[in-house]
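The chains carry the letters A, B and C, assigned in the order they are written, with residues numbered from 1 in each.
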Amino acid sequence: MYKAWLVFRKDVQQEFKTRYALNAIFLFAIVTLTAVSFSIGAFSAGPEILSALLWIILFFSSMSGLAHIFVREEETHTADTLKLVTTSSSVFIGKLLFNIMLLFMVELLVVPLFMGVMNFVIYDAFVFVLSLVFGTFGLAGGGTIVAAIISKSNTKGALFTVLAFPILLPVIVSGISAAKKAATNAPLVLASSELQALFAFAVVIITAGILLFDFIWNE
Amino acid sequence: MKLTAEKISKNFAEKSIFKNLTFEAESGTCLAVLGPNGSGKTTLMRILSHLILPTSGSITYSQNGTTIRPEHIFQHIGFLGPYLELYQDLSAMENLEFFSKIRGLKDFAPRIFQLMEQFGLKGREDDAVKTYSSGMKQRLKYVFALLHEPQILFVDEPRSNLDEEGIRLVYEVLQQYKQNHLLIMATNDSDDLKLADVKVQVNV
Amino acid sequence: MFLKSLKIILFFLLAAVIYGAFLYAPLAKGLGEYTRVLYFHVPTAWITVTAFAVGALFSGIYLKNKELKYDLWAEAANQLGLLFGVLATVTGSIWAKMSWGSFWNWDPRETSIFILLLIYAAYFALRSAVEQADRRAALSAVYDLLAFVTVPFFVFVVPRIYSSLHPDPIVNTQGKIHMNGKMLLVFLSSLSAYTAVFFWMLKQRIDLIGIQLKIKQLEN
């Protein structure tokens, strides 16, 4: 675990010198938020549509930034160097931590902005925050392992979303549903199946990621 | 430390790179991998260092008769090659500190400074690696490869990008190093081959 | 010899199933002629799931012993899964048009099979994006297994969140369609005939892969 922490710290150090992923993901989030806000315009959308829009923004912003962490190691020819000095699981966990941090930072910016601009009112903040937290772990877990896959393939850009979308769809579906319930003041019991699903998905995808990553990293 | 390679073959996409290579090498010797460009020297180096798996055959390292388990082998290996880069955005010091810590070295700072001085990079520790010239990068890669005093050192193209002063320095270091360690080198250069004791020809 | 006779038996069995489905089996009470699609829809859907499971199994075996042929077997099984998946979607869509009024209305079952097809289309997109055979094998096997662990979420989670009009996938626990003896006979023979067809097709592909690998070996 200490080694995973070192990998994470190294990636943070690198990121804050280039700010590549950070810029990409933040700008993408802002651009889509603007596009959504413009196109909705003066119409007031109900909580069903708003929660779907929120998750679409979150999903596609994460698609623009999560792959970077592994693609960079391949493009700068540092993957072999990293392989020489540490184990595959510490690499995966370190990169996963980085992607989780990245997503939380985006959410801290996008969610309040979205609520303000789109007039999205949350009645049950507990359910909403919990669904975002679990959802983030799921998105980051799936995104990280798919990023590892595409970093070894020939076409890196477009393939990432194509591969990640169907796998991450349970997160999006449950996330939208949970946000909808949080925005319509449903009691906690009603959102529990969504929260369970999000939590279970995060656990399953992260476990599968750790187990399968070794086969990608050590060809 | 003793290396035993038995009948190793590698195919890429059904195309055979080399077949049934068998050889041995021990500490105190230098094993040279020879072959024309594109013959698979680099592939063999990466296989010997366990970075990639051979299609068939086995590579074992043993010390005093006990075999070192494959998952521990990286602790004993130093590797330097044109396809193994350091992190360009980080400074030399940040790079070396990261690699020392993740390798679990203790009190690494004096070692880093000593190597940096030996390779003539003193005073540039805090500059980003991308600001280094290609010769300086090669010197820094030697620092990285020797950092943990490995039992086995892999050097792919020992002289690339180095000036005369650098080449002289590297020969001195390698000559001394191979006295009681195992040195594995991929090269075509006749000067480099003066160091070599065992030779493996890759293309057949 | 055995396989050859099996092929002939399979031919007659399938002919009998087609006859049985259209002419022999009686209609369920209160339902129209369109319910006959049941005898083709359920088996194709079942084969889709079986094929993907077999594919995931081969992918797992590949990762364990890194023999290229298992990767190619997994590819073959997933191709068949995709083929039967399309058939299940089409037959299901016809059924939906007749009983719910439209070919497609994002019912959770329709959503899940659509996602399933999307996942395996992505699997083949990934395969075409990697040239090196062993790397392609490892990456697509990992993706296959990753997809396989997320599929249960579509089967269980999505229908729980959005209620479905689709009959329960395990036939006759809810008893939406009560089958009498004749119907059950046709249904079960159709199920086993299609399962046999799938394994026969897979066997053909596996033999072909074996021959292709041997030729490549001889070329080297």
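Operating definition for what follows: contacts are C-beta pairs under 8 Å (C-beta built on N, C-alpha and C of every residue); 3 or more make two chains touch, one makes a residue touch a chain.
These numbers come from a predicted model, not from an experiment.
Novice: What is the chain whose Cα centre is as far as it gets from that of chain C?
Specialist: Max centre-to-centre separation from chain C belongs to B.
Novice: Can you figure out the chain closest to the middle, judged by Cα centres?
Specialist: So the chain sitting closest to the middle is A.
Novice: Using the touch rule stated at the top, which two chains are linked by the largest number of C-beta contacts?
Specialist: So the pair of chains linked by the most contacts is A-C.
Novice: Using Cα averages as centroids, what's the distance between chain A and chain C in whole Å?
Specialist: Computed value for the inter-centroid distance: 32 Å.
Novice: Can you check how far apart chain B and chain C are, centre to centre, with Cα atoms defining each centre and the answer in Å?
Specialist: Comparing mean C-alpha positions, chain C is 50 Å from chain B.
Novice: Could you work out how far the Cα centre of chain A sits from that of chain B, in whole Å?
Specialist: Distance between chain centres, rounded to whole Å: 38 Å.
Novice: Which residues belonging to chain C are in contact with no fewer than two other chains?
Specialist: 131, 134
Novice: Could you check chain B for residues that touch two or more other chains and list them?
Specialist: Counting only residues that touch two or more other chains, chain B contributes 53.
Novice: Among the residues of chain A, pick out those that touch two or more other chains and give their numbers.
Specialist: Expected reply: 219.
Novice: Please give the residue numbers of chain C that touch chain A in the complex, ascending.
Specialist: 63, 115, 118-119, 122, 125-126, 129-131, 134-135, 138-139, 141-143, 145-147, 149-150, 153-154, 157-158, 160-161
Novice: What does chain A use to touch chain C in their complex?
Specialist: Chain A reaches chain C through residues 142, 145-146, 149-150, 152-155, 159, 162-163, 165-167, 169-170, 173-174, 177, 193-194, 197, 200-201, 204-205, 208-209, 212, 215-216, 219.
Novice: Spell out the residues on chain A that touch chain B in their complex, using ranges where they run on.
Specialist: Result: residues 3, 6-7, 9-10, 13-14, 17-18, 76-78, 80-81, 83-87, 90, 218-219 of chain A touch chain B.
Novice: For chain B, which residues are in contact with chain A within the complex?
Specialist: Against chain A, chain B makes touches at 46, 49, 51-53, 71, 74, 77, 79, 83-90, 94, 98-99, 101-103, 128, 144.
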